[in-house]
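In the part that follows, the structures are each spelled out as structure tokens.
Shared between the two complexes below is chain A, which pairs with chain B and chain C, respectively.
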Partner chain A sequence: MKKTTRVLTAALIMFFAFAATATAGQVYKLGFSGAITGPTSDAGNPLSKGIEDWFKYVNDNKLLGDDKIECTIRDDQYKTDVTKRNFEEYLDDGIVFYLNYSTGSTLGLKMDFEEEQMPTVPSSYHEGNLVDSTYIFIPVATYSENMVALAEYVVKNHKGGKPKVALFIHPSAFGRGPVEDTKKAVAAGLNMDIVEVVEHGKDLDNSAMLKRLMSKGVQYVICHTVQSPVATMIKDAMRLNVTAKSFGEPGKLTFLGAHYTGGADLIALAGDAAENYYWTCSYNLTTEDNEKSQKQLKLAKTYGRDDKAANSHNYAAGILQAQIPTQAIIMAKAAGLEVNPANLYKMLNQMNGAKVFNSFAAVGPVSYSANDHVGVDVVNIYKVDKGVFKAISSIESEYMKKLRAK
Partner chain B sequence: MSQNQWLATGNFFTSYKEEQHTFFTHLDRTIFTLFLVLLFAWPLVFEVGNKYMFVVNNVLIAIVAVMGLNLVTGFAGLISIGHAAFVGIGAYTVASFCRTLGTAHVLVTHFWPLVIILAGLVGAGFGALVGLPAFRLKHLYLAIATLSFQMIFQWVINFMTFFNQGQTISIGRVFWFTGKVGRRDHYFFWYYVILVVVVLMGFGIRNLLKTKYGRALVAVRDNDRAADAMGMHPGLTKVYAFALAGFFAGVAGALHAYVYRGVGFESFTLHESIGYLAMAIVGGLGTLNGSFWGPVAIKFLDLQVEQLSESAAQYLPAGMNLATALKPFTFGLVIVLFLMFEPRGIANWWRIVKSYTKLWPFRY
Partner chain C sequence: MTYFFQIVVSGIVVGSIYALAALGLVLVYKSSRVANFAHGQIIAAGAFITFFLTVDLGVPIFFSFLASMAITFFLAMSVERIFLRRLIGEPIISVIMVTIGLASIIDGLIYLTPFGTENFSFPPFLPDTPLTLAGVSISWTQLVGVIITFILIGGFSWFFKKSTVGISMRAVSDDQFGSMSVGISVPRVFGLAWATAGLSAAAAGCIIGNITGLNFDTLHAFGIVVFPVVILGGLDSILGAVVAGIIMGLIQQFAAGYLDGNWGLNGTGDVAPYVILLIILLFKPHGLFGIHEIERV
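Coming up: the complex of A and B.
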């Protein structure tokens, strides 16, 4: 009798052990490689926190039922060879989706994504990512879309004749790419004059450049670079008293900038000089007191993030970058498909119409199709008002659509 | 010298010819052969992930580049701060073929050994050009001339649309006798290619140093006026040293392009040049085996520091940003420590170990 009980107990334990294994849920492996430290870590660090927190949230709140996401996050210090090494490691680990960071590494690994047929969401919004690529999905409007949208805003709101514009850009392909698209937009009929394209260096004084632009009758300076050179320039403009008090004020300069040229960090760097600065971004800012920003702040609070990270639009960018594969997994599960790279790729291409994804991190819905791999098409135009970025308008670049259609 | 090689406690040459041997004893030759067999066999025995093969390939490419740098800086005594630019010349030669002929052109995909040699020759051409100031310049002045070349290279790549303004230019997949080298075999295949290149070039340098051309390099380094008096042409020797270094760097660059399947500007910056110099110093300037030790040590150190900062970051506050500081700090510290305590590099440790085993159990 005693022996029979023991055998039965053992059998029951075995049964429950197997049953538990069967219902334990699956683990989907993902990988992210980005500049958490080193150059551009001011953006990469909060971004990686956004990714980490979102996946924790998904697992903690069982958004995938018993299934879990295991995302390995590695620092590549903005070096493509390290990114490549990380990507190879993730492939060996059997990832189903990949998250990348920089423009350089996204372009460098583009062929690998194609050959591995690995759906990838980068943090780089470079228009060139889409060339000869089918597996890269850009989360929000590209840098070119940001810049052309700003140009369209200038043309629409300028009073008088043809607006004279200068472009202040980063001395790299990151900076130059959107310039080409802006020039194409002008050639396609956008009614403005590009008077000068300035590739900035590491100058600490822009007085000569600003005076030169003024002498050429420039009224608008559209920036596509990072925050610190913009901060230096607008501080110089304030010192020289050439900053416009209102949009398009005659005889003064109105400063506008795309994605990486704004945010809380710009205000911290430029102080009062940032007043009346215009900025485009596809992310919802926490300075906008709405339901979306409250969700972002709540997520940051849940995982113990400091105020700087919680209020950063790069933190929002990380959240969105993690939400996109999460949504693709949810869609694949709902369709009864195995969660693998091929099916997630299929799901992403179906993320349109009734299946668009609305994220609290972004200002518009994420939609993809086989012909459109740019997620959020809308950019918000923000303006610094009393030391805070406030949304003043939303815009979708018409000219970029025309250029892409060609 | 004892007739029994096992009892020999040193190398005692009785003629210059004996001193010219590649291997001084049979034991040397046997150990080297076994080591080579091991290098060729281990990937067939152990299953290694792509990540590790990629790391190993990177080390081997660095070895090719550092062999070149050692020729110009170690053997000929001419400092070069632009070595990464020469490597870049090789890489961009391959990229230029891809830009003009297309990534799938038969020259790039089937005749890649020829392209690699061509890249080496282009590197040699630029090396000779940059070496021209060596006719007149020495020491710090020459260092600045090579630094200028680095700057000019970066400027050209960054601004010319032909070079995609520094952004990655894709390189096509190559073919072998078995057909197209697919992604799964990519790093494995290139491991063997680069290993063959390393062995050939290593023997090349070893043999060069036995000839009058190799000895001229060392003579010019030690005293160029004395070399001049002995009938050598110091100026031409220096130009030829730069050309040789350029050839090695060009080959390394072409291998880099093929392994990465892309050429981007960031792999050939001044920072990389300093890295190659560090590898040469840590390995041992003016020694052939130093060209092997240096890249292995620095690349291994890089990986270890990366892991250390990753684990440290889990315990330290994010604001400390330890990893940003740790890598350059360790890198700098290692070079300073080597310059202070072991200026002859790891190669000297190897010499001491070898000498110890030869003399053992006798101290003298």
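Coming up: the complex of A and C.
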């Protein structure tokens, strides 16, 4: 009798164990490597929080049913060699999708993504990521699209003759890439003069540069760098009384900047000098106080983020970067496909038409195809008004489309 | 001419701040012959301590500034006591390697705080309107920065020339064993050199932070940016640091004002100081005010 009871108990345990396994759902492993500390961590840190929170939200709210996403987040301190090591360890771990961060490491690992056939969404929106690459999917408009869109906005709104523009850029591939595309746009017919391209250093005083630009008749300075040098420059411009009070004010400088040159951090650094600064970004800002931003703030509150992270456009960037693979997984499951890198890659390439993905983090829909690996094509133009960025226009760069078509 | 004078004023402002930031490196080198690669981190720490005291604890900024200088004084002294004192008499390269390690440790510690990854600015405490004379303008931040720089540099110069401790520090710098034989406490002098370097670093951090905003990456980079100033000045000369700082500031501004954007040149404002540094070192290998030591064999 005792023996029979033992056998029955063992059989029951085995049954329930198998049953539990069958209903536990799948775990899909993803990896993110980014600058949570180190240079550019002012962007990378809130971005990583956005990624973390979105995946928690997916699991907590069972967006994938019983399946779960397990995303390992590692700090690479903006060092490409560390990023590469992280990526290799994620591969050994069996990831189905990879999230990368910097321009340098995305360019550096581009061939690895191809060899491993690993769909990758980077935080870098460098146009060069797309060259000779099929596995990289950029979430939003590229840096070049941001800069050319600003140039187009200047041309469209400038009064009287050809606008004279200076480009103020980061001394790196990240800064130089968009300059080349802006020059190509001018060569293709964009009616403006690029008077000068200034690569900044660690300047404590930009008086000489600003006076020089003024002496050459420059009216617009388009920036493509990070916030700190822009903040120093616009503070100097305010001191020298050369900042335009309205767009294109004659004899003054109107400052405009692409993606990483703006946001709440610029206002934190530049204070009043940021007033009337124009900025392009594909993310919805919480200062817009719309339904989208309320969702972002709710997510941040759910996971205990402070106001600074919750209101950061980099937090929104992290959310979108995590939403893209989530959506690909949802599409693969709906199509009855196994969730693996090959199928997720296939799903991303089909994310168009009726299958576009609308995110609360972005200002436009995310769409990809085999020939288009840029997600959100629209950028909003924001302007600092009484200490906050407010949207004044939306734009899709016509010239970048023309350049790409060539 | 307004353009020219604006560049001169900007060059002097930038150069003075370079000199103040370089001062900490000079003080440590002067007493211990060590190039401190953690200097930038101490500059950043000074700026963030002031910010924390002012914004988070509500201490008036003037007192925060003084408190921050006092804190970094003791912080740098502790660093010397804990990490460097036991290396007295060891090869200089070992000590330099320790300062590189220290830089990483302080980096890591600051990254654990919100100050490592976010941007801040000091609450405005000086008038917004710049001072303008004949079209040449200078902001209050810059003016106050220059005044503080010259007060501190004047104070340190007096200290080294006239005070007993300062003279002891110079003696240690010249000959450690000789100084010990006449009863000077070399470890105490080292500690004091680090402490005063910390004090000047905090002042530099606050001034730079007021100009550029508070970003850890930007602030700690100044520890390296001012190395050419120290080398040009002659490594262990306070006067050298001041003269070299102003030369560097002026060259940078003149290059940015007159060379950049012309004849296809760009970024000369950053490169020109190094070119001039190399040229001067060809003729004066010990820098402008460096001492050429003669050894009898």
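Following the convention adopted for this analysis, the second predicted complex is superposed on the first by the 395 of 406 C-alpha atoms of A that agree within 3 Å, B and C clash if a C-alpha of one lies under 4 Å from a C-alpha of the other, contacts with A are read in each partner's own complex, and residues count from 1 in each chain.
Going forward, a contact is a pair of C-beta atoms (placed from the backbone, for glycine too) under 8 Å apart; a residue touches a chain by one contact, two chains touch by 3 or more.
No experiment lies behind these values; they were computed from the predicted model shown.
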For the overlay on chain A, clash or fit between chain B and chain C? clash
Looking at A:173 after the superposition, I want to know if it touches chain B, chain C, both of them or none. Which is it: first, second, both, neither? first
Which holds for A:269: it touches chain B only (first), chain C only (second), both, or neither? second
For A:37 in the superposed arrangement: first (chain B), second (chain C), both or neither? both
Comparing the two partners chain B and chain C, which touches a greater set of residues in chain A: C
Quick one: is A:295 in contact with chain B, with chain C, with both, or with neither? Answer first, second, both or neither. neither
When the two structures are overlaid on chain A, which partner does A:79 contact: first (chain B), second (chain C), both, or neither? first
Between chain B (first) and chain C (second), which does A:241 come into contact with in this model arrangement: first, second, both, or neither? second
Can A:45 be said to touch chain B (first), chain C (second), both, or neither? both
Under the stated touch criterion, which partner chain does A:184 make contact with: chain B (first), chain C (second), both, or neither? neither
Residue range of chain B overlapping chain C upon superposition on chain A, of 207-215, 333-341 or 351-359: 333-341
Interface residues of chain A shared between complexes with chain B and chain C: 36-38, 41, 45, 171
Could you list, by residue number, the parts of chain A that touch chain C in their complex? 36-42, 44-45, 171, 195-199, 201-209, 211-213, 215-216, 227-228, 231-232, 235, 239-241, 265, 268-272, 308
Touching residues of chain C toward chain A in the complex: what are they? 3, 6-7, 9-10, 13-14, 17, 108, 111, 114, 116-121, 124, 128, 130, 137-139, 142, 208, 211-215, 217-218, 221-222, 225, 253-254, 256-257, 260-261, 266-267, 269-270
In the complex of these two chains, what residues of chain A are touching chain B? 36-38, 41, 45, 49, 74-75, 77, 79-82, 84-85, 88-89, 91-92, 103-104, 107-108, 110-112, 115-116, 128, 171-173, 176
Where on chain B is chain A touching in the complex? 49-51, 54-55, 58, 158, 164-168, 170, 183, 187, 260-262, 264, 266-267, 306, 309-310, 313, 318, 321-324, 327
